[in-house]
Amino acid sequence: MSLDQHPHVGLFITCLADLFRPSVGFAALKLLRDAGCRVDVPRAQTCCGQPAYNAGDRRDTAAIARQVIDAFEPFDYVVAPSGSCAGMIAKHYPDLFDEKTREHARAQALAAKTHELVQFLADVINVEALDVKFDKTVTYHDSCTGLRELGIRDQPRRLLASVAGLKLAEMEESETCCGFGGMFCVKYADISDHIVAGKTDFVRQTGAEVLLAGDLGCLMNMAGKMQRQGSGPEVRHVAEVLAGMTDGPAIGEADG
Amino acid sequence: MSARDQILHAVRRSLNAHGADSARRKAVAHRLARHPAGTIPERGQVPHRDQVALFRAMAKEVQASVDVVESTDDVPAAIADYLRAQNLPQSLRRGGDERLAALPWDTQKTLEVTTGASAGDDLVALSRAFGGVAETGTLVLLSGPDNPSTLNFLPEVHIVMIEADDIAGDYEAVWNRLREHTKGGVLPRTVNMITGPSRSGDIEQTILLGAHGPKQLHIIVVGTNRPGGKGSRR
Amino acid sequence: MEIRSPDFAKNSSRALHDAQLQRALGNVKLGFIAKRRKAIDKLPEFERLRDEARAIKEHTLKHLDLYLEAYEKKVLEAGGHVHWAADARDARRIILDICREADAKTVTKGKSMIAEEVALNPHLEQAGIDVVETDLGEYIIQLRNEPPSHIIAPAVHLNKEQVEADFRRCHTGLPDGRDLDEPVQLLGEARAVLRQKYLDADVGITGANFLVAETGSSIIVTNEGNGDLTQILPKVHIVIASLEKITPTLEDASQILRVLARSATGQEFSVYTTLSTGPKRPGDPDGPGDYHVVLLDNGRSAMLGTPFEDMLRCIRCGACMNHCPVYHSVGGHAYGWVYGGPMGAVLTPTLIGIDKAGHLPNASTFCGRCEAVCPMRIPLPKMMRHWREREFERHLTPVVQRAGLGAWAFFARRPRLYHALTSMSAAVLRAMAGRKGRLARLALARGWTRFRDLPAPQGRTFQAQWQSGKRA
């Protein structure tokens, strides 16, 4: 694959951004285009298949994976504004198919060109700075899959450091899970609640005005918890800040 | 079929292997005979003088106290001084180890020295280490007719004499010396690797010294260094 | 030990509301994580040693039958005995027979998870033998008649006030007014009480961290010295260990030792690493006259060659528990059997059956931190997922969950229908939320809204907006 000046990127929008927070998708679009990418959003995408995969349903997972592979195969890159979904495609799709089959080879090829958004910008396109302003103190949660499967840690911090006016106040245990865990947060709701309550304590202790992360699952979990608790910073996807698209309400906040 | 055969059979079935497979046998025999060393931390791979210094520093890190004397002739006096400084009675129990027996005990008239295993009523014991490992400040002690293991654990204060020459950079160097020492035969009944005094963190994760074994570990290093020493691995 | 794993949900609920336990669990996070980090930062070769350690175990498992034979030969050469136990019942029987042969009245024990696994203590006690746990943590939980809640810190679920109450209850004959406020006083009392037990014991039982094939030695790693007093004072030393403890050589054991203590307690090396080879020799003034090793299979041989083989690399350091958000929340007892935390979530189903332990591999957020810290690089989340797959195949997954998943998958596999459904959902949720931007209650997402608000969709779905031509 030749990397031309304007790589063709298929945006894997993710089911959560699609339904709950399309602004994350538009922020991703803007960031990718500003970085010189041609971006398309295949219609034939729904979800990466993780709910089925983590529930032990390999058949449905494989069926969904085939669908994603079909839809995204033509692109130079697949980019998702989520470490969790990008990790699913990049690290787990090949395991769904028997080795030495054509499907396995296709899954591997797709895996090799799939990236999480911020990592893609920082490590593949080599974006070093962004020409945006955000006059607030933020704190950043390292979402588990992005951090541990994809090694996303410094990239968002590097790019955030280039945002004019932004100050980063690190929280304690930023690498500890927020307790979301997909179906876990519903199946073991009280354990999940215990974990997220510990997390939101750390978030508030920073005194930050905004909590950022790269995964909507974690963000909705932490935002929902802090709103229930009645205190805490506003919550946004890191892409919104990097794209300078922070005019709309934060996650779970009222309009206007 | 005996339980032994049943288990070995089950293992082979799961591995899809059979015991007669010569390639597998060779791989095992080879590893057992050659005992390849793997990754050795750099920190211990320094000149012998530095290994001794590292040993002392690491032992102190784990709350052992360390004294250095010029020669074995100085050991009884160093022990007497230590006991006085710790406000301990001038009395200890030791094994019959020939190097300990050869120490000039008569220079310390007040020091009462008994020999033999401990029955649990000794306050202070003295042992000789077979080796030391600089990497972690670890002592290696061998059991034997003149080196009772009980002395390493029952008394409250354990004093260990180690000759600087016997300090090596890493565990592997000590294993090679041990193989030479036993001439490839059976190991001593007990090989104790000791790194600091006994401790426990079982109550609220608070580390406390002197759980069941000695509350104090005092190491006396004899001589400081000799280029080369026995510190090289092969 | 009674199996309470099927009640994981109930157990964990209770644990979350147990204030004493929650206070104690705080110590796990504080005690272990930072210390491990610090120890690892001091050793630049740590990651390479992890690779070495994994490779050693992989090699050993691939040749396990041969190493077992080599090990046995060396034990016999050193004058020891080797007993093979296919399952827990065999192990209990063998050990009781040895104790009877020795006419044992008192048995001291070093900490052994395998002894917990085969439920050794009740068996010996029923035969009239006084069994005394000597590891301080194990001793405390023995007084409380509780199982360990952590594989290296068995009493980590307790606070010092609870230990004090237990000592006052059990150590009769000591002055009532004695001061036991501080951990150091509790330790001092346990030391004095146990000292006599060591001297009285007829048989000492320990586990093993390694069984070295090259030399026929068993190796135990402790900090207290209890495992040593347990084995050098009685006339008989019994080692109970599972098959996968075999390690080829002293060098191999050294590689793994370098990652063990650092991963477990954050020490560079544990205080006592003891190699025991056979009984005492002619002329030896102390040490056991008889040395027995009980090699336990109990399902291990069946794990070889399966997706669960990786679990046999486990060296029981506890790092996975120490870093697990679920373990931090509920502690070890909630898991309902001998092994808790991520390693228990994988291992327990192999030992008691996935039908009983089904909750365990499900009660994970898949945050992956266990795998990230595992010195043996065991892919714990992957194996938990394997269990979930087996449950799904065997229709053990709860019906409601299965039905929900089926419906979701039906749509997820049909993009057109899926987009229609999400467009509709976006509209409905948005309408329900009104201008608030979130929902405090939603019948279909009760698990979520019981504890948190649910952010409402911003408006139309991304796909709908994209299709209708809206561009950023």
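Chains: A, B and C, in written order; residue numbering restarts at 1 for each.
Please note the rule applied: a residue touches a chain if its C-beta (ideal position, glycine included) is under 8 Å from a C-beta of that chain, and two chains touch if they have at least 3 such contacts.
Keep in mind that this is a model prediction, so the values were computed, not measured.
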Third chains touching both chain B and chain A: C
Chain closest to the middle, measuring from C-alpha centroids that were averaged per chain: C
Between B-C and A-C, the pair joined by more C-beta contacts: B-C
Most widely separated chain from chain A, with each centre as the mean of CA atoms: B
Between chain A and chain B, centroid-to-centroid distance (C-alpha), Å: 53
Chain A-chain C separation of Cα centroids, rounded to whole Å: 33
Chain centre separation (chain B, chain C; CA means) in Å: 30
Chain C, residues touching no fewer than two other chains: none
Chain C to chain A touching residues, read off their complex: 9, 12-13, 16, 325-326, 328-330, 362-369, 371-372, 385, 387-393, 397, 401, 405, 408-409, 411-413, 415, 418-419, 422, 425-426, 435-438, 440, 445, 447-448, 450-463, 465-467, 471-472
List of chain B residues in touch with chain C within their complex: 2-4, 6-8, 10-17, 19, 24-25, 27-28, 31-32, 35-43, 58, 61-62, 95, 116-120, 136, 138, 143-145, 148-150, 152-154, 170-172, 175, 178, 186-206, 208, 210-214
Touching residues on chain A, where the partner in the complex is chain C: 13, 15, 17-23, 25-27, 29-30, 33, 41, 43-47, 49, 51-58, 60, 63-64, 67, 144-145, 148-149, 175-177, 179-196, 220-221, 223-225, 227-228, 245, 248-249, 251-255
For the chain C and chain B complex, residues of the former touching the latter: 24, 27-28, 30-32, 43-45, 48-49, 52, 56, 59, 62-70, 72, 74, 77-78, 82-86, 90, 134-137, 140, 153-156, 158-160, 163, 183-184, 186-187, 191, 194-195, 198-199, 213-217, 223-226, 228-229, 232-233, 243, 248-252, 254-255, 257-258, 265, 267-281, 283-287, 295, 297, 301-306
